[in-house]
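Quick heads-up: structures coming right below.
Both of the next two complexes hold chain A, though its partner changes from chain B to chain C.
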Partner chain A sequence: MIDLSLDFLLSVIAILFIVLCGFMMYIFYQRQSEVRFKKSRDIYLKDYSQLWYEYLFNNEIFSVVLIPRGKPQVQAIEMIFSSYLKNITNDDMRWKMKNFSNQYLKTFYENDLMNKRWSIRMNALYRIADLQLDELLDACKKLETTKYSKEEFFQLLKIYSLFQPELFIQKIKVPNANYSESEYRRLFVLLEEDTFMRFFDEFTSWSMSIQFAVIDTAAAKKNMKYIEKLEQLLTNENDEIKIRALKGLFEIGVIENINPYIPFVTSHLWEVRLMVGKIFKYVPLSYSYPYLEQLLQDENWWVRSQAAKTIAEDRDGLEKLKEFISYSTDHYAVEMAQETIMRKQGTR
Partner chain B sequence: MKILHYSMLFFGGVIVFYMLFVIVSYCTMLIIAMLDLRKRYRLDPSEYDDAHIDAFYSKPVSLLVPAYNEEVGVVDTVYSLLNLRYPQTEIIIINDGSTDNTLQTVIKHFQMKPVNKIIKTNIHTKQVIQIYESEIYMNCILVDKVNGGKADALNVGINVSQYPYFCSIDGDSILDEKALLRVMKPIVLSDGEVIAAGGNIRIANGAKMQLGSIYDMRLPSNYLVIMQIIEYLRAFLMGRIALSKFNLVLIISGAFSVFSKKWAVEAGGYSTNIIGEDMELVVNIHRLIKEKKENKRIEFVPDPVCWTEAPHTLSVLRNQRRRWHQGMFESLWKHKKMTLNPRYGLIGMVSFPYFWLVECLGPVVELGGYIYIIIAFFLGQIYYEMAILLLLLFVIYGVIFSVASVLFEAWSMNTYPRKRDLLRMITLAFTEIFWYRPLTLLWRCEGLIRFVRRKSEWGNMKRVGIAEKEKSV
Partner chain C sequence: MNEVIFAKDIMLEQDVKKYFEIMLESAIRSHMTITTIFLKCVHSTSSEVNHSNVNTQITDFLTENIRKTDLLFQLADGEHWGIIFLQSSDVEANAFLKRIFHLLKKDSTLESRVALKASITEIRNNQINFEILVEKNKALLADNNQQQWWIEQIEDYRLQSIELVKVSIIEQNAIFRKVLETTLNSMDIANFTFDVTAYEDGYSFLQSNTYQSGHLHLIIMNDILPRNNGLEILHSLRTMPNEKRFLIYMMSERNSEIAALNAYEGGVDEFIVKPFNLRLLEAKIKRTFARYWL
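And now, the complex of A and B:
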């Protein structure tokens, strides 16, 4: 038995060594090709980066030498475009990039979309969205007929949101497409005003992640048009929705009427009380002080801390806090007021 | 004579079966890791990075740097954190009563000024002496405290932190600029389902570095360090990735890991009475998840890289390995009731038995194998062949897996791009079973003995600073 095992083990080891030797040779070969690829890409970058700049920003005539011949040159163009897209907002530049991509890069990405390798398909989907290759919309739709991954479908949604918002709304409703809030935010932030507003209109029909992402996106856009929509959500049954709506209203930073917020001062949730404490920053202290004083004596440390901070931020805030210290019997609230005064006065 | 014969056959059989079991386990994990990395091969990661560099898509993180006598490395570590591409962070350096100039170095270098800061005590810790804030870098805080060990220092950091996630980084480690962004990826994309994530740790000895950024990666000249590099690659490919896929990770390195503050606090923070505080926290959180019946995960993220300084002398390495093994034993022993307990799901049924059998008892059986080979060669006859059989299994286990790991890493990540470096690693991998492996086995067994004798002491590694300074060793 041992003789047999030894022979068997020796054969296994020999086979494994041959496989590993082959793998090593492949790695060396691959590294060589990568060096050649990079060399070719870098030559293009060196020779034509200036020409691209002239064409994109100085209205020079497009030169045919810029048309890519092969993958290394496509990658060089991607690098040039990506650096401009990340750093410059210019409609004319974007239009030129889009036209060029639709004309000369389309075939490359169309082939990549049909590639067996998931990562290559994903890279192609990234580029289609970044370079706004709307002529590949049909090819993207065709991808849906194959077995696609969750990540691919997300990129497809992004592409639809850019080129065909109606289709985007239709597709996002598909129940098997569940993404994180952060991913939904990435989709919503790019939407046109009208399309985004539709998410508020049918608010309750969306999944929780979408509802949260809609509120957060509205807050990030800091658009006063959303104030009314967010205030409507303050009556929502879900506590998290209420907290986020308050947070969104705080981010937008315009409070015209204090009354809708007063009931939240006595909320059973400390997060809600904390958010109200923050929002009162946008209300004159003469209106908000009684409520802030109540929050300063809250049982929760964060709420007390925020209330003290909000009071201290007002022009008369420090005086109010000193006054409070003189008559209050709440040990914790007095301590918080004292520490806030110390910090504010810069006794660091 | 008969007793000797039967015991030789028995022990030989046990060791051979054990080795076969370990080889099969490692093979399975290697294949899972390969498939995972192959899927992502050539995927452009910049798309995610660029999208999530905005605070709107990410979550704020407090970076905790516990430092005890780290005057050589702490400044570079903080610079690497200042270089991080991440939208919202605060850096909290915790000086754990250092006896060298760590405190003065940090105060001087980052222009720290004392401040009065309100601290919410989530976890009970040793006394905080003073808090400082940098005048030149926003959100850079130094906490000076009474010495209480690394775990206590981290707990102070958790108390001082203001963000919902914290990341622990060793005072001698350097983070890649995108490391935090990528280690946070599973947390951000899972809407809080992932509550802790650990990054990939690499050895920085030999790298060229400036102000906390590594700009040229070269293999160091010290053979002991190269062997550790190979060992890290093996651990990464044959363990972490596969275990993470099934939420079975029990260890995410304290040198670079992110935790949800809420969960870490609820789990009691870092345990101060145990050596392996990082493993202990992970196990405690797993326990909490199961007890609360929540659907939460702890993940290992293969891509993010934290560079750390590896021991370059045998004595320091011995100390480190002894401590690691002792720490692992302590943690497993403390939670022994979770082993094979269906209440704890796969953690109890797979992870714990795996760690007991392969990680903890492995060194004892393997060392037994080495001793067996030596005895068998002297006894001759049938044992001679058994010894060769064992030796061949050691070749598969030690050499083949190491070479495969080195090659696979070269293919997927290409950390050491020079052909010469790759060949050197492969050549050294062939020598592993003759010197490095037996030595580490011996040290790990020492760790086991120390655990049994309940011996505990802090192993303070003598550092020369990462990268370039290695030349002076």
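And now, the complex of A and C:
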């Protein structure tokens, strides 16, 4: 049996008690700081939210009381700005926020960029992009000389794309990390028109993820300027590129010339034939009917279904389908036409 | 003594009087404008003119030229005709008068000395009754020195009463909620006044019972909300009796056609994708209320 003296036990208890008290005091202090921080932030929000509204939207004169004094007030301003940016579009508001941030928040975020904690650095990078703090571009570049995470580099790319598109293209060419298509899309959607167009010009030099992201971003932007670029990609050797380009053209929804699409009616890939069936929705039925009739007799159910749907969407579509039923010997196609007619008449 | 002659098949003053107040109240409740025209012959006292013929001819002419929704009647003195235009403003009334005056001037079948003058009253409030309407218009057309084809206008009843509109903002973000509240409170819309209340979630709005009042109710809400989301509120409101009094604007972060389609099919009046311009929201609201009165 271990023999412990009473003195020793009391000493251990006393030490543990002191440690516990110290720990309790630390927790108490931290809690108090947090409460003070929150209180100070909430007071700023309560007192100055209306002043911010007046300054940003009603052209009131800027008041010096809005200048932050300490971290809690910076956080309050962050909350106001992010709420506005998330909900309101207004060029004048953005310009005022940018100027204010460059003048009064710059130092706070510059310090945050050098912080040891990853979350603080990330928050600063997010704010630099959101508030368009272009004066911190050099500080951001300096961050690259330190050890940074993949997420931080992604935010840096976002910042470069906003403030220095040339540098963005350089950096993305030699990626320090591979990003997913959706991440690239998030970057490309912010790009100015001219910079984004450059991705089409040097299309083959990009990685597959970037190529896919470029096509999908063009589709999401629904800008007619990209029609020509996407049509050029229809001759690409990669089938996935072709399918995505067709999908992009369908999303934009303007077809000026049917000829580039005709060869795809006989494509060996059913996905391509399906997309063409969808795209023909934007072409008058008098031009597209012969090809849609061909697709209606396709071996693939999805293609047949889409072709019938596209025909039925036209004003004379139901008549065309009824006519087709009367002379066609393709049972599958006739069945699809009948189903589509029933569905269409049922929704009227 | 001149005998008062009325054309056959025309409503008379005493008949119209019974219906006028019902028409007026119903029109105001539906935010519609009523406009009346009173017409009088300029040379009807001339001995060379056959009063009986003139009366019949003018009545027939007016009957042929009014719309099915307009009500033609003759006053008890036999010298005035009245027309009530439902859902029409003075613009339509002026256009009507110009058209019939033009036709009358070139109509060779009417007695050559016949010419008319008219008065227009645009009505958008219920501070008038039929007696006053008749009295004022008769007084306006009483001056024998008025020229042929003269048109007078009574403007005393064209201003509608100020109507209270309940406004509910349902938005989770406190800062943006306050922005919307300030914006809506500072909006100046002619003839309407806003009573703005803000809620942070759907449940507190549904518990408030403000939507059960009979007022016109503008609701600006997010599609995604804690405790009863926007689509649930939309469904609750649109299944209520007299649901047409709700003007529902739905805000959403989802910039997708499907989301907008679902919202419109569910019964929203406007679907607004965030972020949006506050001035655009104001303009949309102003347009919505401008449509309330012709």
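General observations
Throughout what follows, the second predicted complex is superposed on the first by the 308 of 348 C-alpha atoms of A that agree within 3 Å, B and C clash if a C-alpha of one lies under 4 Å from a C-alpha of the other, contacts with A are read in each partner's own complex, and residues count from 1 in each chain.
Keep this in mind: a residue touches a chain if its C-beta (ideal position, glycine included) is under 8 Å from a C-beta of that chain, and two chains touch if they have at least 3 such contacts.
Please read all numbers here as calculations on a predicted model, not as lab measurements.
In the superposition on chain A, A:Tyr53 contacts chain C only, with no contact to chain B.
In the superposed pair of complexes, A:Ile80 makes contact with chain C only, with no contact to chain B. Applying the stated contact rule after C-alpha superposition, one finds that A:Ile27 touches chain B and leaves chain C untouched.
Once the two complexes are laid over each other on the shared chain, residue contacts for A:Ser205 go to neither chain B nor chain C. When the two complexes are overlaid on their common chain A, residue A:Thr235 makes contact with neither chain B nor chain C. Residue contacts after overlaying the shared chain place A:Ser11 against neither chain B nor chain C.
Using the contact criterion defined above for the overlaid structures, shared-chain residue A:Leu45 touches chain C, although it does not reach chain B.
Touch criterion met: A:Ile88 reaches chain C, while chain B stays clear of it. Between chain B and chain C, B contacts the larger number of chain A residues. Overlap of the chain B and chain C contact sets on chain A: residues 86. On chain C, the positions that touch chain A within their shared complex are 173, 175-176, 178-179, 182-183, 251, 253, 274-279. Considering their complex, residues 39-44, 46-47, 50-52, 56-58, 113-116, 118, 120, 133, 188-191, 382, 385-386, 388-389, 392-393, 395-396, 400, 403-404, 407, 410-411, 414, 417, 419, 422, 426 of chain B touch chain A. Those residues of chain A that touch chain C in the shared complex are 45, 49-50, 53, 57, 79-80, 83-90. Contact residues of chain A toward chain B in the complex are 2-3, 5-6, 9-10, 12-13, 16-17, 20, 23-24, 26-28, 30-31, 82, 86, 117-120, 122-123, 126, 130, 180-183, 185-186, 189, 209, 216, 220, 301, 305, 336, 339, 342-343, 347-348.
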